[in-house]
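Naming follows writing order (A, B, C and D), and every chain is counted from residue 1.
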Amino acid sequence: MEGLDKDQMLKMYHEMVLIRRFEETCKELYHQGKIGGAYLHLYSGQEATGVGALTAIRETDHVITAYRDHGIALLRGLDPGAVMAEMFGKRTGVSGGKGGSMHLADPTKRFWGGYGIVGGHLPIATGIALKVKYMHEDDIVLSFIGDGATNNGYFHEALNLSEVLEVPIVWLIENNLYGMGTRIELASGQPELVKRAIAYGMKEGPRVDGMDVMAVYNAVQEAAEYARKHGPVLLESLTYRFDGHGMSDKMYDKRTDELKEWHAHDPITRLRDLLCKQYPDIGPTLEATEQAVEKTVTDAVTFADESAIPTYDDLLSNIYV
Amino acid sequence: MADKKISMREALRAALHEEMVRDDRVFVMGEEVGRWDGTHKVTRGFFEEFGERRVIDTPISEMAIAGSAVGAAMAGLRPVAELMTINFAFLALDAIVNHAAMQHYMFNGKMTVPVVFRAASGWGNQATASHSHTPEPIFAHFPGFYVACPSNAYDAKGMLKAAIRDENPVLFTESIALYPKPGSVPDDPDFLLPIGKSDYKRRGNDVTIVAYARGVDWALEAAGMLEKEGIQAEIVDLRWLRPLDLDLVFESFKKTNRCVIVEESLPHFNVGSEIAAQIQEHLFDYMDAPIKRVSALDVPLPFAKEIELMALPDAHKVVAAVKEVLK
Amino acid sequence: MEGLDKDQMLKMYHEMVLIRRFEETCKELYHQGKIGGAYLHLYSGQEATGVGALTAIRETDHVITAYRDHGIALLRGLDPGAVMAEMFGKRTGVSGGKGGSMHLADPTKRFWGGYGIVGGHLPIATGIALKVKYMHEDDIVLSFIGDGATNNGYFHEALNLSEVLEVPIVWLIENNLYGMGTRIELASGQPELVKRAIAYGMKEGPRVDGMDVMAVYNAVQEAAEYARKHGPVLLESLTYRFDGHGMSDKMYDKRTDELKEWHAHDPITRLRDLLCKQYPDIGPTLEATEQAVEKTVTDAVTFADESAIPTYDDLLSNIYV
Amino acid sequence: MADKKISMREALRAALHEEMVRDDRVFVMGEEVGRWDGTHKVTRGFFEEFGERRVIDTPISEMAIAGSAVGAAMAGLRPVAELMTINFAFLALDAIVNHAAMQHYMFNGKMTVPVVFRAASGWGNQATASHSHTPEPIFAHFPGFYVACPSNAYDAKGMLKAAIRDENPVLFTESIALYPKPGSVPDDPDFLLPIGKSDYKRRGNDVTIVAYARGVDWALEAAGMLEKEGIQAEIVDLRWLRPLDLDLVFESFKKTNRCVIVEESLPHFNVGSEIAAQIQEHLFDYMDAPIKRVSALDVPLPFAKEIELMALPDAHKVVAAVKEVLK
């Protein structure tokens, strides 16, 4: 396909399967009480958006997202064990057990998190892009945005400022149709979210099928090149969340039919079918991938399980530099 | 009418329900208050019962939720705007302070803003730093509105109904940890508790424990432990931080001459500091010992349960503080 | 002209002259130290927007604006003496001397103020319109918006919410090209502000010549009818501020050429010329109007001057109901 | 290098200017900071000198100004974001607290946020209720950042330079009334004052007056009046509310055994309450009299000058309070 060879497609398949298994495992562990807390937001169903987008940018580009961040963290190469340990609230977690599921990050990998306040990360993205421009660097920032977040003041101010400052940034809306239980039509006067680019005189990217990893890849690659040269772009990926908003979601129980429809577009199945069609003898490789993922996830859980819990000293450390 | 034993969540729900039945101008708005039944289920079933005219699901727009509730109130409605959690009320600080609290004064009485902002508050469920604030004292700093902090189902119902009927803006905080806590509650539809009146939650002669919201439970638990050692604590529940009623605190302190203040908030510039300052100012000659404050530690709240709990107050910390002041 | 007879046009002329003279007088009084404080925002140059808009709606409709509110207050029939007394900080002021220039209001005349926090009044407008719909009334809300305010989160959230709730409201942007000293191109990624309606799926009204009172009148009348039937409309009026942002404005001193150009479009002169063309013998009536305005303003100043200052009791009154 | 006598405005300008010259990563952003020279002229001439790369005029977007400054700081720059006045910082509370102050902790040290938020603060110029806040104590409530409140040109320069060089977020408040106030200031480009160190502004043995920002002037004026009556006041300028350094306060109180706290903020849940609470807790046996607080009255600030001034603290109110504690 468009500029992607077999290995790259296999890599994407591997990543999507890893995210899915990781999330399914988190869910089980939450219900077993191994993972605690009020918040656990899973990425299942939306893998194609994260995988397609991150495959399309450079490793040196910056990435930021909201609290639905497990998948993005894994894609940025954060160690699955350390990510799982964060869910467990262990010392070995990527945030030392202090940030939890919503606050995963690794600046050395240019992944800036992981934010729980809806919209709060958007001006941060603008600021990181401002640094890139200020330092005459040639990176871009890729910022994910939830559909619900587009109705918050942060969205408006952050996007307008990015356009005014002409900073290199790709704003990628992950439109999964819901903000918690509220459907997009009830929350946004303009349900075609990508049109909001007009309000900022911003380059309006396409609205892509977010269940098709190739479509996302191509759109983000184009947008990234544009952003590197000219400034902000707004993209929209139409996707769907296979799980509830968090671990309890009244609406989730109500949308079984809708779920069925969307499962028919499962981005993983779609990529799998595509691979099998293009490479008829690829079956064993895919199974090997799936087994490898199993092991990665099991090892991650074991690591998290066996890791130590934070101490009183940890409680008091890193409040100030 | 008989009392019923229900959770604080159900008591709040009953209060809202009764007021909506009583007065068509009363309505609820906020994120997920309708079809989702409210994040904390306080508005369970309201959408089905009252419909979308009076149960309004909003976008994720805290500034506009608070600001439009102010406008609707000015114009004659009685909005109860839910900010989901008080953490998100940070985004509405300007709307709440500059546009609700200051409004009546800036226009010299020409406008009234009978709005109630409901917000779940407090930490202890691994919600992490950005989602675990208990910032009641920073809101209570400002004049022009009221700040409610109920500690149980009975108070919650009487206070919320009074808040909805009052002509002034009210920030009504609800301690998340207390939602499930059962208590017996009158089902008299006109059961109201006066705004700005504190309440004795326990009588005793040895020490005064001042608390509000979740702090009251820690105080009661501590009082139980202390009783075994022959120490009788008197507990004053402030109920409201604005107006701040210290009559019972002073009355009790004149008797006990010793005081501990318990709260879930951060340790500095908090409720305890205001009360300690007022006691030493007004009752200096009654002081037999320094007043102690029990609060959270001065840290952003971490995710890991074990250390999160270390950062929180608890009954043992209250007991230790009481023993200090009894030294 | 479009549905406006001579008397109505004379009334508009009277109102525009009154506002201009009132503002010029405020400026003198400020420099004389009669009016004090940090803030005094004049409406000179923008009269056509206020006059055209308020002539186009019903007396029973609701009006709200920001801190540049003297003109709107006068148009809503607030007593000029009481308005001037507020500038002086007198007991007899419309807000008892507590609100000052930025906080004029009279709910009995359905004028809701007068707000100093940029954007702060926008959700309030949405809320008032919500009340209208809630009570099944047939009024609308007319809310003025500064161009600079359109870049604030309040604007985004308030307009989107108004569309989602489908409340009867006319959003009228007074685009005077500057927010304090910042030109619109530096503040807004989309300088054609009316286009921001698209972001909310909102009815996009015309962008009118804000120096032409008739153009404003016609646009707002149409918008009001639409709002009454269907919901929110966004309009933009292209106008210009003849004075500085407030009493000190570095940029003002820099834009002498631009000022000259805009003075050529003075909305008052334009209406005067129009009247003289249509009614050749109207000269004396216009002069009479101008004299009447002189007297109104002088009386207002005298009233304000002779009024008592607030007392300690006033300081402590009306904090709570 | 010799000292120069300049206004606090000029001292702040010099601090910013020196740091921008010293470090290319330092830049200013905010509403009107560039072409307009800054609403309070602290950045006068910067736009012409440094250009639009380092002097960024922004839209009226407080959430994004604060939030993008946080992002730029995380990524390696040293932003000085001006929020024009602290009233507008209400709109940035979430960005300042949840995204600047909590950031370093939530990610367990992986991120640093060396940002400075500058905001003019205080009332007294008929700015009315919504534009006259002095809410320093509500910001100081939260851990994870610093809160600066200089009282004069010398301190302002040394404190701002230290704030810019520090790795932690700082909310730097500037009392509007103090901008024109002259003081002698070192022009050593490396003149820094330590973060979180309070300072004696006057020595005396009879009473301790604790103040910060504009309160220090009222304290000094009062001390002058008291001296005529043979009363020697010792004045401690807190300089910072976070970290809150009470060493000198305690040292002084041990000597004077009497204390008055002076501040421009509202009377409840304020700085005075925290300090009174700590003194009575830690130095109970040294207390010869109740500690008094002098602050603004508990009212939204009105426009009319006459009553506005009644609501403000002043030297006479400080003198009266001192006489109370000396009774």
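Convention: a contact is a pair of C-beta atoms (placed from the backbone, for glycine too) under 8 Å apart; a residue touches a chain by one contact, two chains touch by 3 or more.
Remember, it's a predicted structure, so these values are computed and weren't measured experimentally.
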**OP:** Mind listing the chains that sit against chain B and also against chain C?
**Re:** A, D
Subject >> Greatest separation from chain D - chain, by CA centre >> reply: A
Original post:
CA centre of chain C versus CA centre of chain D: separation in Å?
Top reply: 37
Original post:
What whole-number Å value describes the gap between the mean CA coordinates of chain A and chain C?
Top reply: 46
Original post:
Which whole number of Å gives the spacing of the CA centres of chain B and chain D?
Top reply: 30
Subject >> Contacts with two or more other chains, residues of chain D listed in rising order >> reply: 58-59, 61-63, 87, 91, 94, 98-99, 105-106, 128-130, 143-144, 298-300, 302
Subject >> In chain A, residues with contacts to at least two other chains >> reply: 95, 97-99, 103, 115, 117, 120, 151-154, 156-157, 160, 164, 186-188, 319
**OP:** Show which residues of chain B lie in contact with chain A when the two form their complex.
**Re:** 31-32, 35-37, 39, 57-63, 87-88, 91, 125-131, 297-300, 302-307, 310-311
**OP:** Report the residues of chain C in contact with chain B in the complex, numbered from low to high.
**Re:** 62, 94-99, 103, 105-107, 112-115, 117, 120, 122-132, 134-135, 153-154, 156-158, 160-161, 164-165, 317-321
Original post:
Can you list the chain B residues touching chain C in their complex?
Top reply: 27, 53, 56, 58-59, 61-77, 79, 94-95, 98-99, 104-112, 143-144, 166-168
Original post:
What residues on chain D touch chain B, complex-wise?
Top reply: 63, 87, 90-91, 93-94, 97-99, 101-102, 105-106, 128-130, 135, 137-138, 140-144, 241, 244, 265-266, 268-274, 276-278, 280-282, 284, 287, 289-293, 298-300, 302
Subject >> chain A contact footprint on chain C (complex, rising order) >> reply: 151-157, 159-160, 163-164, 186-191, 195-196, 198-202
